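Presented below are the structures under discussion, each in the form of structure tokens.
What follows is a pair of complexes built around chain A, which joins chain B in one and chain C in the other.
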Partner chain A sequence: MNILVCVKRVPLTGGRIVLTDDERAIQTRHLGFTVSPHEECGAEEAIRIVEAHGGSATVLTLGPPEAEEQLRDLMAIGADRGIHLVTDGSEWDPQATAAAIVAAVRSQAEPVDLILFGSESADAGNYQVAVRVAEALGLPAVTGVKAISLDADRVRCEQETSAGRDVYEVALPAVVSVKEGINLPRYPSVPGRMKAKRKPVHAAEPTRTDARLRMLRLALPPESGRQAEVLGRGPEAAPAVVEMLRDIGVM
Partner chain B sequence: MSTASNGSLPARQRVVVIGAGIVGNSVAYHLCRLGETEITLIDKGPLPNPGGSTGHASNFIFPVDHSKEMTSLTLQSMRQYKDLDVFLECGGIEVARTEARMQELDRRMASALTWGVEPTSLLTPAEISELVPFINEELLLGGFYTPGAGVVDSLRAATIMRERAVESGMTISANTEVLGLDVEHGAIRRVRTSRGEIEADRVVIACGCWSPRIARLAGATIPLTPAVHQMIDIGPAPRFADARTLVDYPIVRDMDTNMYERQDGTGLEIGSYAHRPIMMDADEIPSIEESALSPTELPFTAADFELQFEQALELMPEIVGDESVGQRYAINGLLSVTHDGLPLLGETPEVKGLWSAAAIWIKEGPGAGKTVAELMVHGESEIDVHESDVARAYPHQKTKAHVRARVAESFNKMYGIVHPAEQWESDRRVKLPPYYERELELGAVFHEAAGWERPQWYEANAGLLEEFGDRVTRREAEWDARWWSPIVNAEHLALRERAGYIDLTAFAIFDVTGSGALDAVQRIAMRQMDVAVGRFVYTPILTPSGGFKADLTIMRLADDVFRVVTGGAHGMSDRKWFSDHLPGDGSAQIHDRTNALTTLGLWGPRAADVLEAITDDDVSTAALPFGRCKPIEAGSLQVLASRISYVGDLGWELHAPIEQGAKLWDMIAAAGLPHGAVPVGAGVYLTTGRLEKGYRAYGAELDGDYDVVEAGMAWGTVKDQDFVGKEAHVAQRAAAPAASMCTLTVDDHVSRSSVKRYMLGGEPLLTLDGRPIVDAKGRRSYVTSAGSGPSIGRYILMGYLPPEHARVGEQLLVQYMGERYPVTVGSADATSLFDPENTRVRS
Partner chain C sequence: MAAALVYVEDPADELSQQAVVMAGALGDEVQAVAIDGAGGTAFAPAVLAQTLVELAAARGASAVVAPGSERGNEILARVAAKLDLPMAANCVSVTVGEPTTVTRVRWGGSLLEQAEVHGAPLLMTSAAHAVAAAPIAALETVPVTASTSELDRAVRVIEQIPTASAGVSLTDADVVVSGGRGVGSAEGFSIIEELAELLGGAVGCSRAVTSAGWRPHTDQVGQTGTKVSPEIYIACGISGATQHMAGCKGAKRLLAINPDGEASIFAGADYAVIGDLHEVVPAISAEIRKARAS
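What follows is the complex of A and B.
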């Protein structure tokens, strides 16, 4: 089973996001970088499938040279190799990103059985790349998946809905985007980190197709104002707490 | 509860403490305990963890340090943590991978004995393995075990102290950002915050790595830099699944890799000082809101930790090598680091009433808080913290470039093997004496003194080695000979037999002038200052309780002009002390002459011949006896000649305008040539010459822990006039001293491996049966200074001994590098081993 997991390097932000002066990016001077929690779960899922069924898990990212850090992080928890589509760091729209991934998939010597995505990236959140990749490759796609099981040449996917669960079964190869909560990703071990340093990363320069989506600038949502309200201290606070619980409808 | 977190701030307070980490809470608590009232504690962040370094500290404490001051602060802090019931004793082992480290562990053992940290022991790899079964003992040569080491809950300690202070009436205001500090007439007046203004008499900056930024709001400087310390936590480890406490196993410091590993519940915490120095500006630290974790827990940069992963893995393969054990937490934690690695305590020299309690780590926190509170209330502290005085820094040492250069150099020495005479390499040649070019030509080996380049010895004097032959001892052990040369001893003999001239530019010099000058120096100095113009007085400066604040020389140049000459190292602190004790009516002023004057020392039996050759003034003993100073003309130079000596030979300190120093040097050098005078380095001035004469040095023999009687300096009568520390001093004179400063010599230098070893200072003095010597006040005897005595042919040690041992001829032991050497007391008072009648100085 050859699994490809696609991830995106994003800043690990605190409570307040600061924009660069031109308002076209997040100020990252003091920030670390990560991938979205959905993508982390996608990688964990791929590793678990390979542990159970054999094969290999490859992580792919499209991003600046520094994004190799995210590939190594995911190789540290068990991914076998990386594909790095190196960019100059500027934001690619979903269509261009999908096209580059499709080209990379097509250029693989071994056929890919399952392509996993996070349901959305942590920053842009366009929810498009997985579907675009599936469409271009002519593969079935299931999105927002909270459980996966494999059965020979088929994959069974479960989505959570407000009414319960929708269950899909599609033939492999397929594209699946997963949601946080599908699993609890492991932490990297020290030996895992050291092995990751020696695992192969194939770097390629992707071709950028014309962008149809253009980012003008970012705007921060208005601050939520007062974050905490002291309802009282000690037993005297009880009536106010009860009233609040009624107000918000949990009682 | 008296909290202002949602209300307004009090309009006026006696004290505002900024910063609610371990330090700020401790200062506030101790101020309350000492009876201070009207105190408000504010912090920008929330409580109990406002987001500073306390919140992410690894919280372990190893008590043994080579520094007396740091060990005292740590031991005092441990007592407080134990009283607060937040100390978990688990022991700690500093492990050695190299032979050099094993030698350093021998030094640790000696320092433990010196400062009374017991028990401690050296362990074999197998013994380490018994205590830490998951360690790879094959990597190790041994370890230094401190069973009393432990882990504290510093946030809990801070909280308890804060709650107790609140019970005493303190007000707290969290989530309150300081926007400005108003200064009026040189004194702090007001704190402006995001929640309003507070007028305050005194303000304490306990803001950790933000301290420089807060100090700057008042125009003051707290010279530290935030620097990154990397730390990770891995777990859960199967080995710790059944852990009974948070730390069942001793903390391991892997000294040779600059790392530590300690159990933390089910995990293992791994910290490092081995990575490249990563510094920040206090202004760059992200806000609480912007931070993913907290402002002082910055994103972990794994690339900087690569080697550390490997080294931790090889040391503790069972845990670190377990693929099921994950890295759960990893940060680039911010710490506060200073140009010399020591804290910044006390009132800032720039702004009256603005206090610094910064660059303090968890292990010193409560002790430093108590100390600062005592300084604020009593003007002195139980623990003498002169090395940590925030006022110690010279202007260049306060610059960002200097602090960064020094921290970059010292960061990886955090667990380093640091020689007592270790020299800095970075940011040198900042302050050059006027003789610098001449000294360079003479092959001077420069050591740094108060930022000045100062020759320690001159390679050009290597020829003297032949001249003095066997009288100059060589040192076979590299450690003993590091930062040292036998040329020092040869220069010493040349001075004693002919003459030598010594660059003393590093002196701090300031004048006290004005109609109130006499009263001022009279009040500050212990000895009688109302002396004839043209006399100088060597005097102790006492703290209120009669300990040493300084020892220095004051020359009376005119009725209302007193010139203070003091050592460079403590010059800035001394100047502040004088300044703080001037009369309030402005009748006396201080003028700093440090950078305006240079001093060239000239001593030796032929010194008079040399000086007479360059001046027509009468400098004979009759005209200028010992204890006098007078202006003379030397060619076109006006020089102040002071008949003083710190080396025990006839001679002068010659003070000249700094721009004319080179000319003075040339005149002395030319006139000295026919008399065999040579340039002599500070090695003679500070060590060999001084020790042969038993002269005491501040910071070595003299500090706040010992008094004038014990130091053997209580000659003459107590003056009638009042002075700081008088009451205590009179009482000390009436009592029998608990210890006396003694001069000892080493009887046998030969080690077990047949190498002659030479102590460097700080070593414990022991009875013949190997027991530590403790005086009635609980102070231990140790070597305060050590060095050669080339003229007496003996190696000299100084140290305080209690009366039962302070007897000439008493035989004792000194412990050095794991071995004990016999020593004998040569003098139990101020009598010197060389020229005990002082005929040379006065001839």
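What follows is the complex of A and C.
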């Protein structure tokens, strides 16, 4: 089983988002970076499948030179190698992103059996890169999956619905996008981190197509306008809390 | 006049109704269509997408709009992939022009993006609650197209497992009592559960809690968890990261309990108790019991 997992580097925004002066990006000077929890779970799932069935788990990112950090983080929990499609850090639209991933998949020496994505990227939330890659490669795609199991050359996927779970079964090779909750990703160990430093990362310069979903600017949504009324300090606040609960009719 | 085609997932559902309302802003005749999935291919998303592609071509549609649900986004993404056109997911507004511009939500609703969409027909989904829902006046039902490929039919439901209903669900609860890293342990949640039970509510938590394995992911509120809309959300020991707030900003009111007066959760709160949740939460439960006994 050769599995490819696509992940995107995004800032960890904390309690408040601050935009850059040109309003085209988040001010990241004081922020750390990560990937979406959906994608982290995708990497964990790939590692588990490889542990059970053999093969290799490759993590791929399209992003700035610093995005190698996210590839190393995922190699530290067990991914075998990385593919880094290096950009200047500006945003690529989903069509350009998908095209670059498709080109990278096609250039692999060994065929890929399963390509995992997050259900949506944390920052852009375009809900489409996985489906576009599948369409271009002529592969079946299942999205928003909460459980995966392999049966010979087929993959069984469970998706949550309002009524319960829908179960899909598709033949490999296939594209699957997953959601957080499919597993609980492991933490990197110190030896894992050491090993990750020596694992191979193949860097390539992808070709960029013209953006057709072209970001103009970002904006913060209007403030909630909420003004917190302090009901008290410590346990002495309990009567005031209960009075409030009564006033709003939930008691 | 050209037509703006709207894919209706479920006419009774607000998201579908909102998509129809948003399509009204495009200035063309709105044609709301439901697709009859006859043929036994339960939710074959590519079949639905292929049907929309052909319908859009046959009617010379200026736009195809879908609800911003997981399914609506998936189907429209498939339409976009088949037509090699851009698609804007989760839009809150749209202005037709050369080019058309949209405002869409990012980061689960924590940020807005203004963007140009270069390509026709315009493909977009409408974000939840961007416009008020209204009953769909004219709904047409069309059959799925016959001309689908083997690949289109490759993904279909082979089995449906109903949820075993247990207690109040997080999405429907009037009261959500949610715990964060400040709860300290899995056992620590007993006081959170107690308060939730007294109020007939559901227990929620932050991602720090699910990552630590204290609670299952089904309890997680936030961008990558559940979005809740209770009468009141009681956040205990939660700092108020944007990704957490993305899941609870639909709450009518928010009470935050935290010893750190500077915690960002207070910026999004209506009520605040400055203190240690291990003391405050049991005191509230005791006070509720006392009030009910008298």
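Here is the rule we use: the second predicted complex is superposed on the first by the 225 of 251 C-alpha atoms of A that agree within 3 Å, B and C clash if a C-alpha of one lies under 4 Å from a C-alpha of the other, contacts with A are read in each partner's own complex, and residues count from 1 in each chain.
Criterion: a residue touches a chain if its C-beta (ideal position, glycine included) is under 8 Å from a C-beta of that chain, and two chains touch if they have at least 3 such contacts.
Note that this is a predicted model, so its numbers are computed, not measured.
A.B. asks: Taking the superposition on A as described, I'd like to know which of chain B and chain C A:Gly192 touches: first, second, both or neither.
C.D. replies: In the superposition, A:Gly192 contacts chain B only.
A.B. asks: When the two structures are overlaid on chain A, which partner does A:Ala52 contact: first (chain B), second (chain C), both, or neither?
C.D. replies: A:Ala52: touches no partner chain.
A.B. asks: Could you say whether A:Ala203 touches chain B, chain C, both of them, or neither, answering first, second, both or neither?
C.D. replies: In the superposition, A:Ala203 contacts neither chain B nor chain C.
A.B. asks: In the superposed arrangement, does A:Gln95 touch chain B (first), chain C (second), both or neither?
C.D. replies: second
A.B. asks: Could you tell me if A:Gly32 is touching chain B, chain C, both of them or neither one (first, second, both, neither)?
C.D. replies: The first partner, chain B, only.
A.B. asks: For A:Glu69 in the superposed arrangement: first (chain B), second (chain C), both or neither?
C.D. replies: The first partner, chain B, only.
A.B. asks: With both complexes superposed on chain A, which partner does A:Val230 reach: first (chain B), second (chain C), both or neither?
C.D. replies: In the superposition, A:Val230 contacts both chain B and chain C.
A.B. asks: Contacts for A:Thr13 in the overlay, against chain B (first) and chain C (second): which applies, first, second, both or neither?
C.D. replies: In the superposition, A:Thr13 contacts both chain B and chain C.
A.B. asks: Give the label of whichever partner, chain B or chain C, reaches more residues of chain A.
C.D. replies: The partner that reaches more residues of chain A in the superposed model: C.
A.B. asks: Which residues form the common part of the chain A surface touched by chain B and by chain C?
C.D. replies: Common interface on chain A, chain B vs chain C: 13-17, 230.
A.B. asks: Could you pull out which chain A residues touch chain B in their complex?
C.D. replies: Contact set of chain A toward chain B: 12-18, 29-33, 69, 186-194, 197, 230.
A.B. asks: What residues of chain B sit close enough to touch chain A in their complex?
C.D. replies: Touch residues, chain B against chain A: 6, 234, 284-293, 298-300, 302, 306, 309-310, 312-313, 320-328.
A.B. asks: Residues of chain A touching chain C in their complex?
C.D. replies: Touching chain C from chain A are residues 13-17, 26, 36-38, 93-95, 119-120, 122-128, 131-132, 134-136, 138-144, 158, 161, 163-171, 179-181, 184, 210-221, 224, 226-239, 241-242, 244-246, 248-251.
A.B. asks: Contact residues on chain C for chain A in the complex?
C.D. replies: These residues of chain C touch chain A: 42-43, 45, 70, 73-74, 77-78, 80-82, 84-90, 99, 101, 103, 105-119, 125, 151, 154-163, 174-175, 199, 201, 207, 210-211, 213, 216-218, 220, 223-225, 231-232, 239-243, 249, 252-256, 263-276, 279-280, 282-284, 286-288, 291.
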